[in-house]
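Presented sequentially are two complexes of subunit A, the first with subunit B as partner and the second with subunit C.
And then the complex of A and B:
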């Protein structure tokens, strides 16, 4: 089976780097820089994160993007050749949903690939669950998964869902 | 002198030392412009931070030691990004016929001065 390239994107602080560190079976390539803005954390990704993961026999290459709009050129660079997209949003930060929606439109309009949304921080209530987030983005519930990005089993669930959707798409063709 | 004035002064001196430079951007390592002489500085600042961040990681992963600079060379010129301490980046662009050795010599020393202030 050919490896699949998956892009992990989402606003700042959604948990993209965390998810890749949680899941990767190989040493993660990260590009953290000190932050100069108040974004609630010390460092931020400026180029990419990279990790690899097997789901069953399927090898996935995970490419994480920077979160800030000013790095949108990297969204394009990293999405080139991707076969699926995982969009992460923080369930306890609904004020980021509008930015997330723009980001999702930006990427999927240029790179039309199957995508799934992961709603992070489900372990830290009060938090929006997938059933509340899905209508906001106008997505069917099967495309929205609630996760905890620090838990390996939980973090893998949206990727499993993404693979299922990609298989369904193939069958439909 | 305020920090901003000191940085403007360094920018002015760098322009004087290397008049062939097409643009100069000083940015934070997370890609926000601080002082500049460039059109489209916000975009250049973000790209400079990306180039430097990726360069650092490549340098580490391929055992090249600590990063000196990241160079992009097109057929019409250079874009070079220097680390200015661990908080800043200095990005300059120059035409293809510029003296790259001289640019390195000056820019590295200016990057050192910027690092002191940032």
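And then the complex of A and C:
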């Protein structure tokens, strides 16, 4: 059975690497480098994160994209042929929302990939919730879920929502 | 008597007010981003603008004037009494109003530069309401047929012969007015069949929740 690919994307520090580490059953391969500019953390992903998850006999590859704009060519490379896209944003960092919207619009307008947005840090109020985030991004509320990327059940929630929405879409065809 | 110089020493916003009251042509050359530009003036009006050999319509003329306003490289020469060889559609734009309009657009552009969409993001029409602002409605009229099928800033810039950043700016404004929205590409083929998605969903819930029913995660 061919492995399927899930792409986790979003701005720097949104929790992409954390979510993949939380969900992956194998040690995550990352390509972190020391940051050369002040982005609020010491290392950042420069190519991709990679983890795996077996669901029954189906292998899922979990790919995390780099957050910086200058690696936008990786968004295309990783999104091509993906089963789904998880877009993560930090709910307590609204200054990143415009960049995140740009990234989401870019990928979803170019790649026919089902998507869900995860709003991280829901355990650390004050934080924007899905009800506030959805209208800002112009998304249906059902495509936005609040999560804590360090909690396995919570981290699995956007993936569950993604599959549920795919099923709904398939039933509607 | 001759009027000539360099945009590095005298900007277009300094030149236009005093040249526009005269009749003649302002030729601008050695620009970084354009072939030569020729502007024809008569009685305080910009009557015609050529970009190389191409005659500009009102939308393109505003874009070109906007770009040259910010240009610091380029030489100019004014040719008194020169008239356009041909001008199929007179612009007849009052220069003082044009300057205010273009400067306002430039200021707005600078404010939203970081918010402008990626050049490759595809937009489509979201509503039929025509924008009231003439600066945007001109663009809307020209771009609407392209946006019916979906188009990116990059494609529109090529098709309409406009600067890419100006197209990004107009699409940003049209999006704010809910006249356009980004395309959400629908899957052409479903990577996993219905039964496969259902199977994955069941396995995912069992793995993380120990049941086929998802518990509601609360913080």
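We adopt the following convention: the second predicted complex is superposed on the first by the 164 of 173 C-alpha atoms of A that agree within 3 Å, B and C clash if a C-alpha of one lies under 4 Å from a C-alpha of the other, contacts with A are read in each partner's own complex, and residues count from 1 in each chain.
The rule is short, and it goes like this: a residue touches a chain if its C-beta (ideal position, glycine included) is under 8 Å from a C-beta of that chain, and two chains touch if they have at least 3 such contacts.
It should be emphasised that the depicted structure is a prediction, and the values quoted were computed from it without experimental measurement.
Engineer: Check subunit A with both subunit B and subunit C modelled on it and let me know: fit or clash.
Structural biologist: fit
Engineer: Is subunit A touched at more residues by subunit B or by subunit C?
Structural biologist: Partner touching more subunit A residues in the overlay: C.
Engineer: Just checking: does A:164 make contact with subunit B only, subunit C only, both, or neither of them? Give me first, second, both or neither.
Structural biologist: second
Engineer: Now for A:71: first (subunit B), second (subunit C), both, or neither, which partner does it touch?
Structural biologist: Touch status of A:71: first partner only.
Engineer: Which holds for A:30: it touches subunit B only (first), subunit C only (second), both, or neither?
Structural biologist: Only subunit B; A:30 stays clear of subunit C.
Engineer: Using the touch definition from the top, say if A:113 reaches subunit B (first), subunit C (second), both or neither.
Structural biologist: In the superposition, A:113 contacts subunit C only.
Engineer: Touching A:48 in the superposition: subunit B (first), subunit C (second), both, neither?
Structural biologist: Only subunit B; A:48 stays clear of subunit C.
Engineer: Which partner does A:59 contact after superposing on A: first (subunit B), second (subunit C), both, neither?
Structural biologist: After superposition on chain A, A:59 lies in contact with neither partner.
Engineer: Between subunit B and subunit C, what is the tightest CA to CA spacing in Å in the combined model?
Structural biologist: 15
Engineer: Please identify the positions on subunit A that touch both subunit B and subunit C, taking each partner from its own complex.
Structural biologist: none
Engineer: Quick one: in the complex, what on subunit B touches subunit A?
Structural biologist: Touching subunit A from subunit B are residues 28-32, 42-43, 45-47, 49-54, 56-57, 61, 86-87.
Engineer: Within the complex, which stretch of subunit A touches subunit B?
Structural biologist: Residue list for subunit A touching subunit B: 29-37, 44, 46-48, 66, 68, 70-71, 73-74.
Engineer: Would you tell me which residues of subunit A are touching subunit C in their complex?
Structural biologist: By the definition above, subunit A touches subunit C via 4, 55-56, 58, 60, 72, 81-83, 98-99, 102-103, 105-106, 108-115, 122-123, 138, 146-148, 151-154, 156-157, 159-160, 163-164, 166-167, 169-171.
Engineer: Contact residues on subunit C for subunit A in the complex?
Structural biologist: Listed in rising order, the residues of subunit C that touch subunit A are 114-115, 117-118, 120-123, 150, 152, 181-188, 190-194, 196-201, 203-205, 207-209, 214-215, 217, 219.
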